[in-house]
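Read through the structures below before going on.
Both of the next two complexes hold chain A, though its partner changes from chain B to chain C.
Right, the complex of A and B next:
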């Protein structure tokens, strides 16, 4: 376990060396929230109501802040794995005394920690200025607990896409499509509460809402019963995807060919 | 005319290079179209619930996406270095272009082609066709809107990235500028207050790429074509002037570079 903690610390230190770069990237949260404040401010005004499908303007803005924080803070494991597979670096990692997937998991955690912290900082400031004070402490607590499961789900999907590099050369396109599934069916751009019934049903049967909607929704509207229910389904998806990832990894190992170096 | 022939030769070479990896190119094109379509799903869901926002309907959003996607795709496919000019400057890779008897800025910009740009172009044209504005004069107005959009996209990012001549590495700043201009251009400026609209017409010219051209295609007035043409001209002039004055400050890293 110590070695994985060392990987997390190492990656965290690496990232702290470039705080300006991280801050610059986090500014896009501000741009995103500013645009959506315009859109939803106008929508609520035109609708002449304080609440649409149970969400107020402030709920909507804080929901989007949390969703965007998750999106910008998710691991980019797929890019690293596929690059390592393509340039042969994977051979140097496989012969080290650690588990390949756990190495990437720890690397991803170290990479995400600072990004999530920066994104929350910038997002908090922007959302507070645009929509007033943040949700209650209970909301923060529920969001943080479900963020862990959401992050693991993202990691599993990213790693699965990265492992696809053992079979196909280019995996960026898979990431783009995956990202859009999370944007739409995960409820990043629009909370599931705003979907038509039939689409809500489809979305809830898939893992995407548990990567995005669950933490963001519980953040703005904390509800104990809903929390346990969503947490349960989220971890069922975690178990299923971890299992799938383990199988995919074993399969990838078998097709790996290293040509000297 | 001589420069135009040079451009054609460059584009031909870029196409030949892309055809060497035909399936990768086609994958990029198809996935970009799917990507744009999936992103547009947000508006389909939004208008399913709200019907219109500040006079903008789903059809108008299709038109807006059509213009922006086609303009972005054209810039990316034909002048691909417009998003990576800062890296070329800071890494000393301008040496190669400076040693050749061709217009430096034009040569740099057109020497790279982003394959997924073709996906944006096809998606954009498709989106325009199904938006319901497909008439003879609508096509002409769409073409003008796209042309000015391409000029403004390229010029704005050239201006920002030319700051690398004075400030050193501006890659992060360029990424923010790119993200801001592209994101804002995909939303109607009617959503924002007067001061934001002013910013979107000047400092971050996103409204000149998206909203104003879309209004021009929706209904003809003299104001909108004048605005976008003047915007394109001013930004183009600024881009060329700033890049060339920066070029005088350029210092080569004497690194050995190979441009392929």
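Right, the complex of A and C next:
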């Protein structure tokens, strides 16, 4: 376990190597929230109502703050694996005494930790200024707990896409398709509560809402019963995707082609 | 004791082929064509523990593919191999504790951080305790003369400095064997010398075996006792470096300067005259066919010798000759 903790620490240090760039990137969540505030402010004004499908303007802003934090802080494992396959660096990753997937998991944790913390910090400030005080401590607690499962689900999907690089090298297009699913069915663009019933049904049968909607929704409207229910389904998806990832890795190892002489 | 045993190792890659132009690109989308490239063909060899073995060949000969199979990164299409008793592609992680690798110009050091951070990380990854890691870093920094470089971000190091750190990092866990894939590529003479000295020292002091691929014959001459020359995925020559020199370095280059003018029709049977100048000649002869005595006697009979230089042709030339003479089967199957 020590070696994986060391990889997490190393990537944390690596992220701090360029503080200017890091701070610059953290500001983007503030810009997104500013744009969303304009859009939703207008929507609520035109609709002439304080709440749409049970969500107020403040709920919407804090929901989007959490959703953006997840989107901007999620692991980018597919890009890293793809890059390593293309430039041949994968040779060094594979010939060390650690599990390849656990290496990327730890690398991803180290990469995300600081980004998530910074996005929460900047997002908190921006959302507070735009929409008033944040949700309750219970909301924070539920969001943080479900954030862990959400992150692991993102990691599994990104790593699955990344492993495709062993075969096809370039995986950006797969990531774009995946991202669109998370945008719509994961509830990033709109909370699922805004969807018609039938679309909500489809979304809930897939893993995407548990990557995005679950933490964001519980953050703004904490509900103990819903929390346990969503947490349970989320971890069932975690188990299923981890299992799938392990099988995919075994299969892809044999077909790897390392570029370069 | 044997550290590497390879029998009939074979690797075939499938690569997409596509003619130039838009039309061909569109056709390739619907009906992709593949061709098979045999990177390594029925390779068999052995390496003893602590040996310094050179694995030489031109670009695309199959050297790196072989190394990657021996470290377990690539699965072979056929054949067997054992490295330190492990089947690499089945027991990659166990094997990783006992071998070190350096792949040419690809960095294993974290690019934006000082090398000391990667060294410390490797200590954890190879499960060394902190005290042992520190002791080992102290030893390697002295052996590779990198003490002043350790705290500089890797991206700010010169290629030569970085390569010294790379090779040192690959030795942190006291491997029994290191596989160096083109460690001197792109380095200047001094940097190459530094790396070679340090590798030789590690071999002598710690008995670490070295399998070195290179297309620089200088690496071979400076480091290796035995050489395997590979071309088109096959072994074309395998012998001690000293035998390679004895058997193939039979031709001599001679340059002579005289006190008087040299006759324009300078000639000697069995000797190839490369150049005749006003006061000097340059010639080449094969010691297997023409005796050194005879050549020297003739040279001194021509006039008063002012200066004479006798040299071997560069090893590169010898190796290139071996490549040319080796059977060159087509390496591709459509």
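We take it that the second predicted complex is superposed on the first by the 256 of 261 C-alpha atoms of A that agree within 3 Å, B and C clash if a C-alpha of one lies under 4 Å from a C-alpha of the other, contacts with A are read in each partner's own complex, and residues count from 1 in each chain.
To be clear about the criterion, a contact is a pair of C-beta atoms (placed from the backbone, for glycine too) under 8 Å apart; a residue touches a chain by one contact, two chains touch by 3 or more.
For clarity, every value in this text was computed on a predicted model and none was experimentally measured.
Once the two complexes are overlaid on the shared chain, A:89 sits against chain C while remaining clear of chain B. Contacts of A:97 after superposition on the shared chain: chain C is touched, whereas chain B is not. Contacts of A:236 after superposition on the shared chain: neither chain B nor chain C is touched.
Judged by the touch definition given at the top, the superposed model places A:7 against chain C, while chain B stays out of reach.
In the superposition on chain A, A:256 contacts chain C only, with no contact to chain B. In the superposed model, A:17 makes contact with chain C only, not with chain B. Looking at the shared chain after the overlay, A:247 reaches neither chain B nor chain C.
Judged by the document's definition of touching, no chain A residue lies at the interface with chain B and also at the interface with chain C. By the touch criterion stated above, chain A contacts chain B in their complex at residues 20-21, 24-25, 27-28, 31-32, 34-35, 38-39, 41-43, 46-47, 169-170, 173, 176-177, 180-181, 183-184, 189-190, 194-196, 199.
Per the touch definition, chain A reaches chain C in the complex via residues 2-3, 5-7, 10, 13-14, 17-18, 87-92, 94-99, 253-254, 256-258, 260-261. Interface residues of chain B facing chain A in the complex, by the touch rule stated above, are 24, 27-28, 31-32, 34-35, 38-39, 41-42, 45-46, 48-50, 53-54, 172-173, 175-176, 179-180, 183-184, 187, 190-192, 196.
Residues of chain C touching chain A in their complex: 13, 59-60, 63-64, 68, 71-75, 92-94, 96-97, 99, 101, 103-104, 106-108, 110, 112-113, 117-118, 120-121, 124-127, 153, 182.
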